[in-house]
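To keep things simple, chains are lettered A, B, C and D as they appear, and every chain counts its residues starting from 1.
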Amino acid sequence: MTLTPYLIVAALLFAIGLGIALTRRNAILVLIGIELMLNAANLNLIAFWRFGPHPELMTGMLFALFSIAVAAAEASVGLGLVIAWYRHSKTTDLDEMARMKG
Amino acid sequence: MLGEGILKGLGETARNFVGSFVSEDRLTTVEYPEQRLLPIENTRDFPFLVYDGADPDAGLRCVSCQICEKECPPKCIYIVKSTDKKPDYVGKPQFYPARFDIDISVCMSCQICVEVCPFEAIKMDTEFELSTDDRFGGLILDKHKLAKSNEHFQRIHPTEAAEVDARLAEEKEKVEAKAKAAAEAAAAKTAAESAAAKTAAESAARKAEDGSSGSDAEGVKP
Amino acid sequence: MNSATLDQFFVLLQHHLSALFPTVLQPWVSMILGVVGIVAVFPAIFALTTVLERKGLGRMQNRLGPNRVGPFGILQPIADAIKSLTKEDIVPRSADDVVHFLAPVVLVVAIFLGYAVLPVGRNMVLLNIDAGILLFFAVGASTELSIFMAGWSSRNKYSLLGAMRAVAQMISYEVPLLLAAVVAVMMAGSLAPTAIVQAQGGFTGIFPHWYVFTPWGFAGFALFVVAALAETNRSPFDLPEGESELVAGYFTEYSGFKFALFFLGEYLGMMSIAGYGITLFLGGWGAPFSFLTFIPSWAWFFAKLFLAIFFFIWLRGTLPRLRQDQLMNFAWKFMLPLSLLNLCVAAAWRFLGECLGSGTVAEVMRWLVCAAVLVLAYILLARTLLRRQNIRPRSYRYAD
Amino acid sequence: MMEGFIFGLLAILTLVGALAAAVLRNLVHCALSLSVTFVGLALMYLSLGAQFVGLSQILVYIGAVAILVVFAILLTRGAGALTPHRLIAAAGWRLGWIASVAVGFVLIFALVRSPLPASGDQAAKVTVLQIGQALMGPYVLPLEVVAILLTVALIGAVIVAMPEDQKEMR
């Protein structure tokens, strides 16, 4: 195996995540899209660690570990925000949330 | 201390666990098909027909009066009256049920049939093993399945059966006494009548000599 | 056959059987044999457990328990299996078919994966990987999702309530479970179950070096047992399937074989968590006394497993079910602080061991200090919580 | 050969899961297919030899994030009836897809064109012990920062999601 297929999968995953985040109306699904993008980045990190010149340094792997922890924190706060907003306005629809502008 | 209750509870269940192997007395259950508890006396589920003596057909107390059929709230009793008669326990000729069916899938165990029966012929049973693989036919009990001896009744509901037996015996006695009295009266009457008849016969004989028939004299024969 | 051969009997069997195949296939055959072993042995224990549980619970309630099928009712599981296989498989009309079907499969697969790294005897582990304990917790976490799938796809309020209760409970108790297990990992210096068992392998006099015989190990073990009960939804933490409240919780709408799969998953989960408890704190396949080491290691493991299962049954026969708020309070206000403290105590144990030296007096000192800290924390925490709970004799004013 | 086959399977699993999350109408289905993606990624990490990260991925993403998403969906009543078609996509959804497809193309184009190290046969075996020592040694500062971040996120999420009246009570 070489590095390229993994990076292509990561790129596709990133594109799908971006697509979800940009096109879906539901705030939770937007968060899902962001998670997918983070995961694509993680896959990149792991793949580069594995096929890079110095796997014994574990830099990529540890970066991925930290990234997983940060993603978990991001998910909890993001979903907490969505629930708080839902409690306020009884919707998770992002287009309706645009009311916040005014 | 904290957690003490849990330990106490664990001790109790452990005692039960070991104890149930050691002493049979602890076991509160019986092994059903082999061992059974006697049902309590007031148990009742579905009606049955009582018969006296050994022959279920001859001894059936039911006289096919059809009161129970009319009173039954869910209409689960079906009776066909016989065309002939047979003597009941006191010897009086009565009708008997040619068919007597109870659909126990409909019966609601209300005991009204028992309450209304003037002949103590229908009583509540304690039989509960009625499961069957035939939903319709298997749950319709006919006369032969319903007929159970008075001894069975005495076994399952001793107090009630004793009362019923006493009442029936009393009635029978009364009837017998009445019959006896009637018989005595009849005997006295016949005696008197026979005396009268004698004189009548004599006069009749005298008359017979005239050639007329003695047909009315035969009618008084006891 | 000497005791060493007996000890390695199954390992040698696997080796000889796979040697019959060409060299290329040998690792695969050996792996498949191991998988077959796990898939055959643990469900068999499950079958045995169901009947033993019913009999044991019966005895605890002064009943006889099932005794009709076969001698002493021992063939009851076969009757149950035939029944569940021939029953109609009902899927509610409004259910989400695919998810409804996948839920039990995912559950059983995830739980079986947990057995892959469980050492059931010396050299008897399917995958001797470095992060075995982590794998166990990872697959344990994924059972939550399958439970949610089951509850949600049934489109039934009882199922959904049961699933939400189960997921909330499992997430809450996973924290103390992990923290309790981390103590043993910390002491052994490895996440590999085999290494943890090896670390507990020594003997002082006739007594083994099991972690449960140290203050932090005992506290960790107790916390692990309580959290394990909650993780596997066993009584007294059986709220997710409390039959008096929720029919059967998340598997209300399951029947026939799928129900049997849930049942299997539940018991396999219980056995695997008991197996990891044994591995982490009770010396795995080690003998309890040095003069008993001639008995094969796998026999010890399974003996301990049966003891653990008996303990689970015993608890189920004793304790009533908790209430939801009690459950959550217990997890977050009692278990979590204690397990965090236990972590600190374990660190202190190691530190004190290095500071005080290795004399007997030092050992006893260390032991006493650690035990005192834990007992004190236990008493203070529990007292405080109980006072705040304001427990009074129960009043029946609404019933009168 | 074998490795390539496994990689292909995992790639398909991952991408199909992600695509399903993008197009399915039922939110819970989206969340479940998202967890399929997470499993695929975790298996990919495992096949790359990153055992610890792969298992952490399962533990964190399946055990926590997927459950969290599912809880959020149920708490916001998104799990009920199917979303009507017109409500699935946001206002500028065509533009969004065009943008994301373009991003994907650009990335892949760049990847294919760029000279990447084709090696990677020297599969370095990294033990958990090494990871632990690295985390406690050179990476101890990031670890502490992450610990603080997680604590802050925990408390923050609780406060954000707490009902208003309870906040006032405190």
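Everything that follows uses one rule, which is that contacts are C-beta pairs under 8 Å (C-beta built on N, C-alpha and C of every residue); 3 or more make two chains touch, one makes a residue touch a chain.
What you see is a predicted model; the values in this text were computed from it and never measured.
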> Taking contacts as defined above, which has more of them, B-C or C-D?
Replying inline: C-D
>> Rounded to a whole Å, what is the gap between the Cα centroids of chain B and chain C?
In response: 64
> chain A to chain B: how many Å between their CA centres?
Replying inline: 85
>> How many angstrom lie between the centres of chain A and chain C, each centre taken as the mean Cα position?
In response: 34
> How many Å are there between the centre of chain C and the centre of chain D, using C-alpha atoms for each centre?
Replying inline: 29
>> Residues of chain D that contact two or more other chains, please.
In response: 52, 56, 64, 71
>> Which label fits the chain touch graph of this model best, line, ring, star, complete or other?
In response: line
> Between which chains does touch occur?
Replying inline: A-D, B-C, C-D
> Hey, which residues of chain C end up touching chain D in the complex?
Replying inline: 99, 129-131, 134-135, 137-142, 144-145, 148-149, 152, 160, 164, 167, 171, 174, 189-192
> What residues of chain C sit close enough to touch chain B in their complex?
Replying inline: 56, 59-64, 67, 314-315, 317-319, 378-379, 382-383, 386
>> Taking the touch rule as given, give the residues of chain B at its contact with chain C in the complex, in rising order.
In response: 2, 6, 9-10, 12-14, 16-17, 19-21, 26-29, 31
> Which chain D residues qualify as touching chain A in the complex?
Replying inline: 3-4, 7, 11, 14-15, 18-19, 21-22, 27, 30-31, 34, 37-38, 41, 44-45, 48-50, 52-53, 56-57, 60-61, 64-65, 68-69, 71-73, 75-76, 78, 83, 87-93, 95-97, 99-101, 103-104, 107-108, 111-112, 116-120, 122-124, 126, 130-131, 134-135, 139, 142-143, 146, 149-150, 152-154, 156-158, 160-161, 163-164
>> Residue numbers of chain A touching chain D in their complex, please.
In response: 1-9, 11-20, 22-26, 28-29, 31-33, 35-36, 39, 42-43, 46-47, 49-53, 55-56, 58, 61-62, 64-66, 68-77, 79-84, 86-87, 92-95
